[in-house]
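Step one of this worksheet: look at the structure below.
Chain IDs A, B and C follow the sequence of writing; residue 1 opens each chain.
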Amino acid sequence: MSVHRLAGLAAFALLLGLSAPAAAQTGGASEGIVVYNAQHESLGREWTDAFTKATGIPVTMRQGGDMQLANQLIAEGAASPADVFLTENSPAMTLADSAGLFAPVDKATLDQVPAAFRPSDGRWIGIAARATVFAYDKTKLSEDKLPKSIMDLADPAWKGRWGAAPAGADFQAIVSAMLDMKGEEATLAWLKALKANALPYKGNSIAMKAVNVGEIEGAIIYHYYWFGDQAKTGENSNNVALHYFRHQDPGAFVSLSGGGVLKSSQHPKEAQALLAFITGKAGQDILKNGTSYEYAVGKDAASNPKLVPLSDLQAPTIDPSRLNSRKVTEMMTAAGLI
Amino acid sequence: MTLLTIDGLGKSYGHTTALDDVSLRVEAGRRTAVVGPSGSGKTTLLRLVAGFEAPDAGRIELDGTIMADGPAHVPAHRRGIGIVAQDGALFPHLSVAENIGFGIPRGTPDRETQIAGLIDMVELDRAMLERRPHQLSGGQQQRVALARALGRKPRLILLDEPFSALDTGLRENMRKAVARVLQAAGITAILVTHDQTEALSFADQVAVLRGGRLVQTGAPRTLYLQPRDRETALFLGDAVLLPAHARDGHADCALGAVPIRAERQGRVEIMLRPEQIRIVPADEDGTGRVVDIEFGGAVCTVTVALEGTSLPPVAIRTSSLAPPALGDRVRLDIDGAAHVLDADGADRPPAP
Amino acid sequence: MRHDDGSFASLPPVDGLAATGAMLRAPRLPALLARHPLVHLAAALVALASLVPLGFVVATTWEVGWDTVRELVFRPRVGELLVNTALLEATSVPISIVVAVALAWLIERTDLPFARLWSWLAVAPLAVPAFVHSYAWISLAPGMHGLWSATFVSVIAYFPFLYLPVAATLRRLDPAIEDAAASLGLGPWRVFFRAILPQLRIAICGGSLLIGLHLLSEYGLYVMIRFDTFATAIVDQFQSAYNSPAANMLGGVLIVCCLLLIALEALLRGGERYARVGAGAARPATRRALGRWRLPALILPAALALLTLGVPLWTLARWIVLGGIAIWPAEVLVTFAQTMALALAGGALATLAAAPMAWLSVRAPGRVQRVLEACHYYVGSLPGVVVALALVSLTVRYFLPLYQTYATLLAAYVLLFLPRAMVGLHASIAQAPVELERAAQALGRTPAQAVRQVTLRLAAPGVAASLALVALGITNELTATLMLAPNGVETLSTRFWSLTSEIDYVAAAPYAVMMVALSLPLTLLLHAQSTRVAGQ
């Protein structure tokens, strides 16, 4: 192939390929919005696709982890291209909020969600919730052998028998709840026991898979990984059952996913519209009918009937804005977990 | 005493016969040259003797021990036969000293002395011991390769065209040096080459190999002056081949009556080496006419068309001091006797 | 899938072609520089850019101060990672050497049946990106994790990097050397260890360095196999705290590891040439008859082909069949087009950026040029995660308009794949000696015409090869793309990655298939080239 033809081909491909997303971006300067999405990509897409369909507002998503995107927003500051930030857990929202990045959420939107599922300052809002579970190998553990409290897993008897994904934001949210309820000393001791007893995995789904294949007897994860896999092939969860700690145990913690509009957004109207959509009936119905299996948090919104109702979980009551992610990261580093 | 006996050796690669029923004796302490054009099987013969390959048929016996008997053979590393390859095949990752000492077991008491002695023997400066092969000239590499082979005190050393990669002047030098070293060490050697001058000047015994068969074996002089057939004659040097009619110690040919040694009668083919022929100016009784003169420094080549015959013109090298002129009539005088080639040469149709 | 060019990267500049310097006297340095000021300027700028990642880490270290550095670097976690890295290198590299040398020897120097077939199959695993290898294996054996699993998959994914140079060296090794060693009393085994193996040293060193650097920079493979290395830890940090000092310090330690490996290789290789000495044409090597081992010897190449190709292909086929038509949404094609666009753009840019240096190193070699060239090569040995981290931090802090743009992503690609671009260009510019240009001028062409009509024509295949090599690297690149891609941009590898992260292995399969399909022709080209270089 000659240089000319190669160069021509490259130029053509450049125009074709690079212009598509670029158009979405520059076109977005007039009406489209950029969402930094730390929620599962699939759920993020379900929401934004439905939103675009309903409103005609195009959405560009940037995928990342809770803490990565929160820190990224802080680093970008006022120059951030993001309009909306969606997370899996509330600590990242608190972090961005404390950096003063959020604009107040529209009053009407706030009213769509009960006060328990949003911070008192109203600068972000709960969009979904997930419950902490102990996913266990039902061929190895009978119900009487299950831990009564998440704190019991620090017992040396559990050495090498359970796992978690300590580097993930999900687990760190659970730890922040524990910190809030049990205090620093007890939490640090528990983390050190975790370092000694538990097998670290890269993600919740991988930890569940390890339970399923018999590598470990149980793992601390969120509930929806199990439901999601069951809904597909069950290939990674057929040997797994879920244990809810209940009794206001730190292990019964229900984590709140949040959404917020960036103060620096050039399209605050469209950004607010997305939050209103997600917390509204259409958005919450996606949680009920979609593939995410997360809990709906809207007033009068129903969750998927397959789930254990939120009200039956006996979760501890924790103000989401009190969850301290920086402290947790520090303590986990001190325990040698990250 | 016979050191090496090769008997009925045969080797084929697929349908190609590389060697066919080759027999050869090599006397201890002597130098034998195996000469032949490329593809004649000489490298195969050498590889069989060295033990890199097994023959299909025949025996190789070294110093009374059977090295190969058909496909059963002693592998190369147990034969104690040295080899010097075409370009030395020095180990590029080792210094000269390490190369020379490669075959001498580590821990041999006077190893260093031996290595020094070997490099002296091949007439190289000891300062070269620390060098790497790529820092040496081609001739120096060959000397190192020879020293390396000698280090094992082999009974027999095989030289695989070791001079062919060298420049002309250097080649002669090396040939003499190697002959001298081998003579001094009293080591039997077989040289494989396609260069007949090299073979004739280097060896005590020359074996001519052609098409996988050994055509003729003997002393260099004998082979040169009395080759068995015309191919051998032409291979070993320039030759004037003439049809003749033999009778009572003479042969009648285009040059007149030429003495022969053979007791042959009737149609024969005779061979003369050009250096046997002298050009004598002869207007009267000339037998030919000078058709070309090529000046070449010390000698010049005079081409003479023989009269009264359709034979091709004869090229003769002669002193360039007083060459004849173009168009001169000349007579060709013969020194010594002409050699009568074997029947297969004589069977060719004679000149009318 | 980077660095597969490094075996060529260590080639010395072609001194014999210092044609422009062949004037009346040896030109002094300034004179040389003055002759091609613009080309030198361009090469110097690229070299400067290639120093950015290193400079960034040094500057960050300086900025945060010694106390923070000590706190972040001298902690147990870094120790763990160092031990992991050292163990991984210490197991994977030697095993790869043994496997590659044994395989290359069987294929090149014995009468192993179907040698040609095996030689293609030995290189083909390169067409499967490393993280697709691990994806295949954990699909098959979900429990795989830890050091030995990491070693196993690393060897499978990377041993061809050693096989290629070792086989090429074995192929052109003078067989007379083996004969000489045998005639000096060495049995077959000792001939191998004392005469053949030492001559493979340069090939083994080069290939090992390549593998060693890959082990340092690979991310996806070790995440899937659950083995922590610096690359995974940096991404972990990045995901928890973005461009934190902790991530940057880990990046610094990783750079030091890379430089140590390069220095170690230089030390082991030594300054020697193992050029074939002597001028005669080498006899083609006779292959050693394996005799009754001929059939048992087939086990090695067959088992390797099964492990390196059979498993990935079988796994992919299984997921594809399981997934059916549903896993081929239009999105797959969009991602494919986007990847191709990025790959070709990056390939063109990298080739363009490498051109001045490649030209200088052929036409005007010298000490200054050698230093500039070293900059071009070193940057390619850096892990993508380090380069990306530097560019993220620099753009977000100082060059915000460039932040999250194609420009930054492409700049990262250019830096990461600069050596690949150099390789093809260097060889092809050497194909066009200056004499030809002069001849064209003597025949009435202007200098510019001469360059266009002669040099460029001759260099064209090399340009194409450079572009293709870089494009292949970009197609399979993961970490830098994850960290730098503009909003909404995804490539085959990032899409594959996010799907496998949610253990949606079925939906990930089409992306893996496309990566393999794109890589295969280039891998085969690489094999063909390496055999041609060896003169066969």
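By our rule, a residue touches a chain if its C-beta (ideal position, glycine included) is under 8 Å from a C-beta of that chain, and two chains touch if they have at least 3 such contacts.
Keep in mind it's a predicted model, so treat the numbers as computed, not measured.
Colleague: Centre of all protein Cα atoms: which chain's centre is nearest to it?
Modeller: Measuring from the global C-alpha mean, the nearest chain centre belongs to C.
Colleague: Which chain pair shares more contacting C-beta pairs: A-C, or B-C?
Modeller: When B-C is set beside A-C, the one with more contacts is A-C.
Colleague: Taking each chain's centre as its mean C-alpha position, how far apart are chain A and chain B in Å?
Modeller: 89
Colleague: Averaging only over C-alpha atoms, locate the centres of chain A and chain C and give their separation in whole Å.
Modeller: 37
Colleague: Roughly how far is chain B from chain C, centre to centre by C-alpha average, rounded to an integer in Å?
Modeller: Roughly 53 Å separates the two chain centres.
Colleague: Given the complex with chain C, which residues does chain A contribute to the contact?
Modeller: Residues of chain A touching chain C: 1-3, 6-7, 9-10, 13-14, 16-18, 20-22, 24-25, 34, 40-42, 60-65, 67-68, 70-72, 74-76, 79, 81, 167, 169, 172, 200-203, 205-206, 209-210, 213, 215, 229, 236, 329, 333, 336, 338.
Colleague: Over in the complex, which chain B residues touch chain C? Could you list them?
Modeller: 47, 50-53, 75-83, 85-94, 102-103, 132-134, 136, 138, 141, 145, 148-149, 151-152, 158, 160-161, 164-165
Colleague: Considering only the defined contacts, which chain C positions touch chain B in the complex?
Modeller: 174, 176-177, 179-188, 191, 194-195, 198-199, 201, 272-280, 286
Colleague: Tell me, which parts of chain C touch chain A in their complex?
Modeller: Interface residues on the chain C side: 75-77, 80, 142-143, 223, 226, 236-244, 334, 337-342, 344-345, 347-348, 396-397, 400, 403-404, 406, 456, 460, 463-464, 467, 486-489, 498, 501-503.
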